[in-house]
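Alright, structures below, take your time with them.
Look at the two complexes coming up: subunit A is in both, with subunit B in one and subunit C in the other.
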Partner chain A sequence: MTAAMGARALRQWLPLAPALAFLAVFFVYPLARMLALSMEAPEGPFSYYASILASPVYMTVLGLTFKTALGVTVLCVVLGVPTAYLLASLQGTWRNVLLVAVVLPFLTSILIRTYAWMAILGRNGVVNQLLLRAGLTEAPVRLMHNELGVYVGMVHVLLPFMILPVFSVMSAIDHRLLRAAESLGASPRRALLTVFLPLALPGIASGALLVFLIAIGFYITPALLGGPKQVMISNLIEVQVTELLQWGFGSALAFVLLAATVLLMLLFDRFLGLERLTV
Partner chain B sequence: MRTVLYAVGGLSLVFLVLPFAVVFPLSFSASPYLEFPPAGFSFQWYARYFASAKWMAATLFSTEIALGTTALALAVGIPAAFGLVRRPFPGKGVLMAFFMAPIIVPYIITAIAVYFLFVRLGLVGNPLGLLIAHSLLAVPKVVVIVAAALKGFDRTLERASLSLGAGPWMTFWRVTYPGIRPAVVTAGLFAFLTSFDELILSMFITGPTTVTLPKLMWDAVRLELDPTIAAASSLLIGVVVLILGTMEALRRKAGIRVPVS
Partner chain C sequence: MDRAFRKLDQIKPDVVKWYTTAVQPQQLLVDKEAVMTAAFSARTFILKEKGAPVDFVWNQAMAFPMVLAIPKGAKNRDNAHRLISYMLQAENQARYGNIYYYGVANKRAYERIPAARGRMLTTFPENLPLQFVQDAEWWGKNAIAVNDRWNKWVLQ
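Moving on, here comes the complex of A and B:
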């Protein structure tokens, strides 16, 4: 390598160096250590993983995590696509005002939003107080510490992640295409389903995949709004590490979750491109 | 068909703002417990929040950590964005994915990995540990936001400046930086908010003398639903609204794109 080439390489890598070093030391290295820890079981390198597969408890939690993530994703599609459609068909002030309704929750911390839902759904929460006062029920109804609470909380947190990418794709669709379809004899409904929807599909797919990806790693919402039967894999990892002090086993569980995340991410990149992760 | 879509969309928007419509009134309640609709108007919960040494200490501490995180994340992230966008050879995609990894990997995984490392380094319960952990999540956002702005920056302006005799530093400060300043401000706001709201990593690495605001809220929420939390939440939402207003102004002026997670 000549000196000039060396200088050029240095110029290209130098600005990247601090960030690369920072991530290498505090992100890659700890993850590698954790992987090693997950294989340091006394009974052999894969025994923690084998016991996850063999244990009905862990498999149930894993199954529940994926089931919940899938359910939340379906709900986000069902609610988010019409919302994006509504926003995209508006213009000017109304569009901006209603966009705030999406972006404000998006920027507010999950903890605050989950707290608000606890105040709404709790035993002495807003809904129960209103129900009791209206005489519709005699005893408080159980609205949280169950599946309902988890779904409400998670959909609330994840809905903006669905709406924003779909909205951004939908607002770029040329509405003359719809008018062309209608002028050629398609009913408004048919134009919507056969012209508009296929064009919006990349946005819907990236929103749905993103929601699912974030949902499988959820911790705060299931911990506060769920009950003992709504434990997700993140909660299980936390318990293993902080309460049971099973670092190796907790690490193995974390790597199962990480593998699922990486797999989904590769799918995302393959079909949609990582650059879609901005709005 | 259209009517149904509009109705579902409208209801979803109501669902999205509902928690805000409840927390604000609750925070001004005159009642001694969570009562809705609130029985009267008072500032008692705000008074209690501002009078509480515990809440004030956590707010101050979180602000300090968030400011430190903003500085560190910008210092590390801005050069990285330059290196990434102005890299002539391939491999950009892989590098970008690498830089985004900390905000894509579920936080609980990063949290325990960092916790194991910090236990050995003695960084648990240490402000430096929080600064590092929060920066881990803030750097990717800074890189994404600044890189997006740099991609849209017209480099002929720089060449013009250089050809007219300005040196590289002068060109950077007088031409490039003013062009990407809205993105840098947005990135800084995101970095601040990332740290200020961070809970999952903090849960593992805060100690008795390094309690952040989200950690204190987490403990308070789990113990009892004291309306002081409603007051603290409303103030935090106020901070978010301010930041949102600033970002919206910048977005309109400069078309900044922000990362989604």
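Moving on, here comes the complex of A and C:
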């Protein structure tokens, strides 16, 4: 009995061996090394952590990072969910054209997309030239090197991560359920809100979580499109690691970010349930 | 350092962007985001060569030397020395200066570099006295403290 169970477990886990080995070598080991590095401070193992927690700068920037990530996530939900709904309700050519339009930016490098936004949002960029020519403003409007630029750039990069999971969940919803609701007297709007949307919620939640987690680590877009106050924690980590060669301190910063992220995930799990997520 | 930060306080309202990568200042100039900037000389020289309406002056520029280093206990130390002296010969430095955009280490190399080009390079005899050399030792000791203060200041 136990031997049979053992054999079954082996059959289940053996195909995972390459993936687990890969993770162990390229993820678990480096992470453990970084953790060790973050504790090699001359003034005791937790002194880096203590100075991060005591520093108003790092706490402020961590707060800014989470605030920006949250703002971007909300915008992605507002923009992405209706788009996914449209995609899921279309058929044939239009659906394919729109899907390609969603996926195509996915295949372009973030750096190139960010530079493209610089050309669009700049002082002499496309938007400002249109505004000036239309006589809507007399001087160029500041559209980047501030919070707006960061939000535009990040939402554009991250929107596909929102649209695709929601789209896949929405396409799998049986539309007969909506018709059933309507035949029982629900208005189309009510059927959408009480039947369709709750069914699509796992997709929305997983899209939002995906966007949020990627946004927390964002680095290049805020560096190029942001102003002096749009500092993300990754930018500070980068300076510690590549310019100041403070690898221990940089590792400690990275672990503070990781801990904060894991904490948020646990909260999310507590209130929404991670197991309900589908992609 | 207090004096430096007081100066930064003064110019802060007019600064479009505190750039973080070496390619940004050129982009800011070409896109007319900024009217002037501190930048790497070579990249600005290249931009000028390509016909962009930009120019640069050497006044109070910070020069930072690049160094050739041999690790302690290296097996091929003598050959490394030979390679370095070959690289530093005026003739070879001149070759370098004629195709590369940063200053050369051997002053005599400028005898073999056309003056129009030489004037654009960091170590050209007329340019050097206008600049100051970055004090690597001071930065080695103080970079972390300056960075902390900078981070605080920039968020204010």
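Simple rule for what comes next: the second predicted complex is superposed on the first by the 229 of 279 C-alpha atoms of A that agree within 3 Å, B and C clash if a C-alpha of one lies under 4 Å from a C-alpha of the other, contacts with A are read in each partner's own complex, and residues count from 1 in each chain.
We adopt the following convention: contacts are C-beta pairs under 8 Å (C-beta built on N, C-alpha and C of every residue); 3 or more make two chains touch, one makes a residue touch a chain.
All values derive from a computational prediction rather than experimental measurement.
Chemist: Touch check for A:224: first (subunit B), second (subunit C), both, or neither?
Modeler: A:224: touches subunit B and subunit C.
Chemist: State whether A:250 touches subunit B only (first), subunit C only (second), both chains, or neither.
Modeler: first
Chemist: So, does A:213 touch the first partner subunit B, the second partner subunit C, both, or neither?
Modeler: Once the two structures are laid over each other on A, A:213 reaches subunit B alone.
Chemist: With both complexes superposed on chain A, which partner does A:124 reach: first (subunit B), second (subunit C), both or neither?
Modeler: Both partners, subunit B and subunit C.
Chemist: In this superposition, which partner touches a larger number of subunit A residues, subunit B or subunit C?
Modeler: After superposing on chain A, more of subunit A is contacted by B.
Chemist: Could you look at A:10 and tell me whether it touches subunit B, subunit C, both or neither (first, second, both, neither)?
Modeler: Neither subunit B nor subunit C is touched by A:10.
Chemist: So, A:103: does it touch subunit B (first), subunit C (second), both, or neither?
Modeler: first
Chemist: Applying the touch criterion given at the start, work out whether A:56 contacts subunit B, subunit C, both or neither, answering first, second, both or neither.
Modeler: In the superposition, A:56 contacts subunit C only.
Chemist: Identify the partner contact of A:267: answer first if only subunit B is touched, second if only subunit C is, both if each is, neither if none is.
Modeler: In the superposition, A:267 contacts neither subunit B nor subunit C.
Chemist: Do any residues of subunit A touch both subunit B and subunit C, and if so, which are they?
Modeler: Of subunit A, residues 118-119, 122, 124-125, 224 contact subunit B in one complex and subunit C in the other.
Chemist: Give the list of subunit C residues in touch with subunit A in this complex.
Modeler: 15-18, 20-21, 24, 27, 31-33, 143-144, 147-148, 151-152, 154-155
Chemist: How about subunit A: which of its residues touch subunit B in the complex?
Modeler: 12-16, 18-20, 22-23, 26-27, 29-31, 33-34, 37, 78-80, 82-87, 98, 100-105, 107-120, 122, 124-126, 129-130, 155-156, 159-161, 163-165, 188-189, 192, 210, 213-214, 216-217, 219-220, 224, 234, 237-238, 241-242, 247, 250-251, 254, 257-258, 261, 265, 269, 274-275, 277-279
Chemist: Which of the residues in subunit A end up touching subunit C in this complex?
Modeler: 55-57, 60-61, 118-119, 122-125, 145, 223-224, 227-229, 231, 235-236, 239, 243-244, 246
Chemist: Taking the touch rule as given, give the residues of subunit B at its contact with subunit A in the complex, in rising order.
Modeler: So the residues of subunit B in touch with subunit A come to 1-2, 4-13, 15-20, 22-23, 26, 33-36, 75-77, 79-80, 82-84, 87-89, 93, 95-102, 104-110, 112-117, 132-133, 135-136, 139, 143-144, 148, 193, 197, 199-200, 203-204, 214, 217-218, 221-222, 225, 229-230, 233, 236-237, 240-241, 243-244, 257-261.
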